[in-house]
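Some structures are shown below for you to check.
Same chain, two partners: chain A is paired with chain B first, then with chain C.
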Partner chain A sequence: MTSTTTRHTLWAALPLALVAVLVLLPVAMVVAVGWGPDALPVLTAPSTWRVIGYTTFQAALSTIGSLALAMPAAYALYRLRVPGRRMWLAILTIPFILPTVVVGLAFRELLPFPGTTAAIVVAHIFFNVGLSIRVIGSLWGHLDPRLEQVGASLGLNPFTTFRRITLPLLAPAISAAAILVLLFTFTSFGVVLVLGDPALPTIEVDIYTRAMQRLDLTGAAVLALVQFVIVAAAIVVSSIMSDRLAVRQRLGDDEMTRRLPQSPIERVATGYVVVLAVAVAVPMLSLVVRSLRVSDGWGFAWYAEAVSPTEGTTRSVSALSTLTRSLEYAGLATVIAVFLGVIATAGILAARRRGRWLDGAVMLPLGVSAVTVGLGLLLLSVRGPIDLRGWTVLVPLGQALVALPIVVRVLLPVLRSTDPRMRQVAATLGAGPLRAWWAAEGPIAARATAVGAAFAAAVSLGEFGATAFLVRLETPTAPVQIVRLLGRPGEANIGVATALAVLLLLLTVIIVSVAERIRPRRGGGW
Partner chain B sequence: MTVLEVSDLRIDYEGQVLLDHVNLTVGAGEVVALLGPSGSGKSTLLRCIAGVQRPESGDIRWEGASVLDIPAYRRGFGLVFQDPLLFPHRDVGANVAFGMKARDDNRVAHLLTLVGLSGFQRRDPSTLSGGEAQRVALARALAAEPRLLLLDEPFGALDTDLRERLVREVRSLLTSAGVPAIHVTHDRSEADAISDRVVTLAELTG
Partner chain C sequence: MRIFTLGVAAAALALTACSSPNTTGAQSSAAADSSSSAALQNATVRVLTHDSFALSQSVIDDFTAETGIAVEFIPAGDAGEMVNRAVLSVGAPEADVLYGVDTTLLTRAVEAGVFAPYTSPDAGALRPELANLGVGVVTPIDDGDVCINVDDVWFADNGIVPPATLDELLDPAYRGLLVVENPATSSPGLAFLLGTIARYREGGDGVTESWIDYWAGLRDNDVLIVNGWSEAYYTEFTGGGGGGDRPLVVSYSTSPPAEIIYAEGTPPDRPSTSTMLDSCYRQVEFAGVLAGSDQPEAAQRVIDWLISPQVQADVPLSMFVFPARADTPLPDVFAEFVTRPQVPLELPADVIAAQRDRWIEEWTQIVLR
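Coming up: the complex of A and B.
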């Protein structure tokens, strides 16, 4: 017994140490540079607190907006029979995986009020409403509708029933969605950079400006550290809160039967799903339209310019070459992310119950933010023991660390849900341990890995936060080139940026739909 | 005197006729047992009377006035399901008080004593046995002071000994409260023990 435990621990410890070093390295560099007497002037500056305040403000608005818009749709999609349900759900979920700068650009061209807080909030809601719908809906779909009928039979009107029965029972899911959206919008970078007011930076944008434009690496590290502390505190508070909100309710394994909408409110909710899905589709479609609008009407001029650029401009870097470079980096990042993700997942599973905290540790980069990963790796290359400047593998490494949590999120629930008795059956049929594992879990593990790889590829392809710090000026990736083109005046630059964004959008959508197709239909996760 | 009158009711399920030409009356303070095999539509009939489901045609009248267009929460008909369906986010006391206009702790204590669970106020619903939970559900329904109580096989999931004891208790409870009730069951002896009058679903639709 003891030897088995020891063996499990060893199996878990060694590879996990490797993952831990890689994940923690950027954070350690940020701490090493940001922690010290140099931090004081940054921390006491009023401008720092204005930035922190504004970051919190826009994140709070975005979170409230996302949840408010998600609730009626979650109700309709998980409690009512909505025709075309899977399609609506798919459309609403697409934004979550789209490159941030592509979305930023789409809204910049679409909204009448770019460069405002409102524009940022709208784009953040666009990103997170689908995620909120899924998180809240998956609990709502399991709530017993008869509880509400009991409420009615006790004389509670529908509004009171919702407030006193449904809402408290949904509280765990609502708070889980809230903390996720808060994390994503608090650390959002690409959207804010493209869509925000340059005079009102968020922490991420300020880190970027300090590090890349003012060459104030120490100040950037201090801010990254501040952000890390805030995010860590938020996670601790939310886990305490979710313990208090947790309701000991018995939920069925299966979703409750969804019924046809009957009351006017239910029909309105169903119609709302369609409106919301259309609203989500509009920015993506408008980007395509925008890329075809040229000075004298409609055409593919921007695409032509993207392929063979005019010499002597920012566009002289051919857009197509940035796209191929993005694909190369994304390919390498995917290999690294899947390698690390498989190790981490295997480690968490082997560590059994003690793997719970590891589970959280691998999620760390989600809270650390892509910008911190990028800054950390930049600091490592500049101030680390070995000079790594210009080391090309840093870009895919940064992207891989950003994609790692998603790979683990895809793999872990699927592998956790496998039935150990399958392996035992295989063993009693005379299969050795390896063959038994392959027979029981191999195919599903392979599929889950493929899905994880596809998501990692999509994330890396559109990754901007970490990449912006690590990429070399003369060899930008597609998202970096888009932002650079937007920084230049002139219709041609915007035109080529939209063309490039559309190509990036198409590639991402293709990759994600492949992933959805091969996704195993069990386990949980995102 | 007749208080509830169900006349010529038709109920569909998934586009198929489930029940048709249903006629049923309940007198003041009368306990009627509705007997029929599982899946015959007894529960659905009860749900229509309670107002959580709408019949296709026919009428349901209370003291002569149709209640069809009155939503469930204004009908004042208590409904107890086969599962206790206690609110998991509230303790037993709060569950019982849920339907009260204003929380009255003395009445909560009284009702809990009535169902044989005195002192259970602070208990978490997840710690109760099936029989205890069902009795809390009954106390909760009574606390809302319904003018009619609808019991949908409330003892169906319990073992025989417990069921027989609860049937006796509930019978005396209903008598002392003077609340008219419809008790749905598929068990003949339970129907006989609890009610003033036993009707079968076949008789109702005949």
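Coming up: the complex of A and C.
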């Protein structure tokens, strides 16, 4: 038994080392460049602390807003029988996987106050409200309704029942949702770049401007390190907090606890879901409408313009070619991400005891943000030993590292929950180890891998943070081209940008709905 | 196939013959010329440039017809952004030639090793005051003055006397009227910052002690900062046609004639904007061959072409800058509506190289706090 485990570990070691090197190398470069005496002037500059403060401020506002708007909807969707529940949930969750620059552009054209903190916060809520609903609702739906009934029978009014009984029971889910939204909004890049005030950068935007516009690679690396430390601290604090908040309770079946809305409050909550879903759909629809608005009325002029290049301008690269390139890169990134993700997942499962550590390493890109991955790979080429500039694989590699945590998150719970007895049964029926594995876990593993691949493709297609650092001038991806077009004056540039954004949006939605369709129903995860 | 091989052999022979002194010199050198231009035939030289680049298509077509070299211009954002891209891709360049690096950024690019040294045989034809700039590495192509532009119509309508000096911009009467580009991201923005430093540095002749105080004063007088020139001029400036509300903008001394050339319908007799000469900073733009280009020879021909009389004559009205080549005729609108400052603000290249990044950092902390 022991020898089998040792052999497993050895067998897993080599490919795992490859994954570890690929994942850790960019981070190591950031540490190598950012760690040292050069960091001091950056760390002591008041402007640095202003940037950190502002980043925290907007992230806190966005988190509070997302949770506040999510709570009533989570209640309605997970405690009540709302007609069309799956559709509302789908609509509310779509924004989470949309390309950030597309969302930034949609709000830039829709809101009367672009270039403000309010605009950033609104876009962040748009992104994260669905995620918050799912995280909070998945616990709420399982709460034993009898506890609340006891509260009512003791004469507590509904509000007090909620405050004294429901809220403490929900605390673990609320804090989990809060920390997720906080992480996403703290490291948000594309939205802030497109929608924010240039005089008020967040850490991510400042890393980008320092590296790409002011050529201050050291300062960029220092800020990336600062951000990493803050994010790591937040994760540690949250895990301590979630241990404390955890309430030992018997959970019910969510299908059973749901009931038809009766009281006025329940009806209002149901109506609220519809209002929220409409509010989430409006920016996406308005982008489509905006792309059809041309100088003299309505039409497909911007789409026609997107097909043909205009010499000597930013549009000398046709918008359509950037979309094809994005698809090519996303395809390559998906292959890399799935390859690395399968190895990493297998490794985590094989080396169970050390799995937690490995789990953390693979999740690193999520914690260190896409911008840090991009900066790390750039530093690797400019200051480090491996020059990847000009290689086609550079951009897909960055995208794959950003998508990797999602692939692992999809694969891990599914494979973890497979029953080892299935394999034993296959073995007793005379199957070899590989065949036994395939018979027992093959179909579900293949499906989970396909779902992981689809999510990796969707993420890579809209990826902007890492790509912005790595993309070559002559071969922009669609999100990069959108941002370039927005940086130029003139109606045609914005028009083509919106047309391109709509096409990107459609592609992403198609990929993700395919993923939703093939998603295995057991195992959970995201 | 055999004929082709023979042809190559003959060309090679001709080349060797050319390097040895013999009587058939004239004939061999003609053969060498044709073989060399055969190598350049079908070459496509990629020119990295800023977004403000423009040249008449006919001028470009003539060059291609003459030499067989196709030229592709790749806009890479503002001049600062473009130079940073070139620095980050040293050794693996994204193009063969870089056009549009200016005096404020030249040292950054040269020190990073962006350029392969080249001196055009035509460099002697440049204006004498430009001839000693970038020697041996890059070639001056044009120059211009970054100045505050004034919307005279707005000031007349509002019954305010427009400011005439940098000092006067601190006057509360001009509160909230000025829009400036961010020097970290914009070349004219950086030029204007350098201009104020040239004026208000320790030992300068201004009323404030240092440039830092000057900018604190501008900030307190509600200066607006935007990322790039287009946004400043077309969106925020009252005279740019974009419905802005700031009648003072950092732009070029050639913006007023541009207004006439680009006017829709009947052009006005004279521009509605003017330049504040006290604020002008001289900016020279250079072109160079990018180190690591795999077709340096064709790239060098493009540099020669950029200072040829034909391109130089086209430069004023396509990019609204002054040609670097001496004796290039200027269009009428330039002669009529552009005043070049007698003594423009300037800083030595080595001072800029040593201090620029610190200045931008300090500026960021004062103005964008």
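Methods note: the second predicted complex is superposed on the first by the 515 of 526 C-alpha atoms of A that agree within 3 Å, B and C clash if a C-alpha of one lies under 4 Å from a C-alpha of the other, contacts with A are read in each partner's own complex, and residues count from 1 in each chain.
Keep this in mind: contacts are C-beta pairs under 8 Å (C-beta built on N, C-alpha and C of every residue); 3 or more make two chains touch, one makes a residue touch a chain.
These figures come from a predicted structure and were not determined experimentally.
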First (chain B), second (chain C), both or neither touched by A:A199: second
Chain B versus chain C as contact partner of A:L147, first or second or both or neither: first
First, second, both or neither for A:L378, with chain B first and chain C second: second
Touched partner set for A:L285, first chain B, second chain C, both or neither: neither
Chain A positions touched by chain B in one structure and by chain C in the second: none
Complex contacts: residues of chain B adjacent to chain A: 47, 50-52, 54, 71-74, 76-79, 81, 83, 85, 87-89, 98-99, 124, 126, 140-141, 144, 146, 150
Interfacial residue positions of chain A with respect to chain B in the complex: 144, 146-147, 149-158, 161, 164-165, 168-169, 171, 247-250, 262
Contacting residues of chain A [partner chain C, same complex]: 45-47, 50, 198-199, 209, 212-216, 312-314, 316, 378, 382, 387, 389-390, 472-474, 484, 487-489
Chain C - residues contacting chain A, complex: 46, 48, 51, 53-54, 73-77, 80-81, 84-85, 87-89, 91-92, 94-95, 108, 182, 184-185, 225-228, 230-231, 234-235, 242, 357, 360-361, 364-365, 368-369
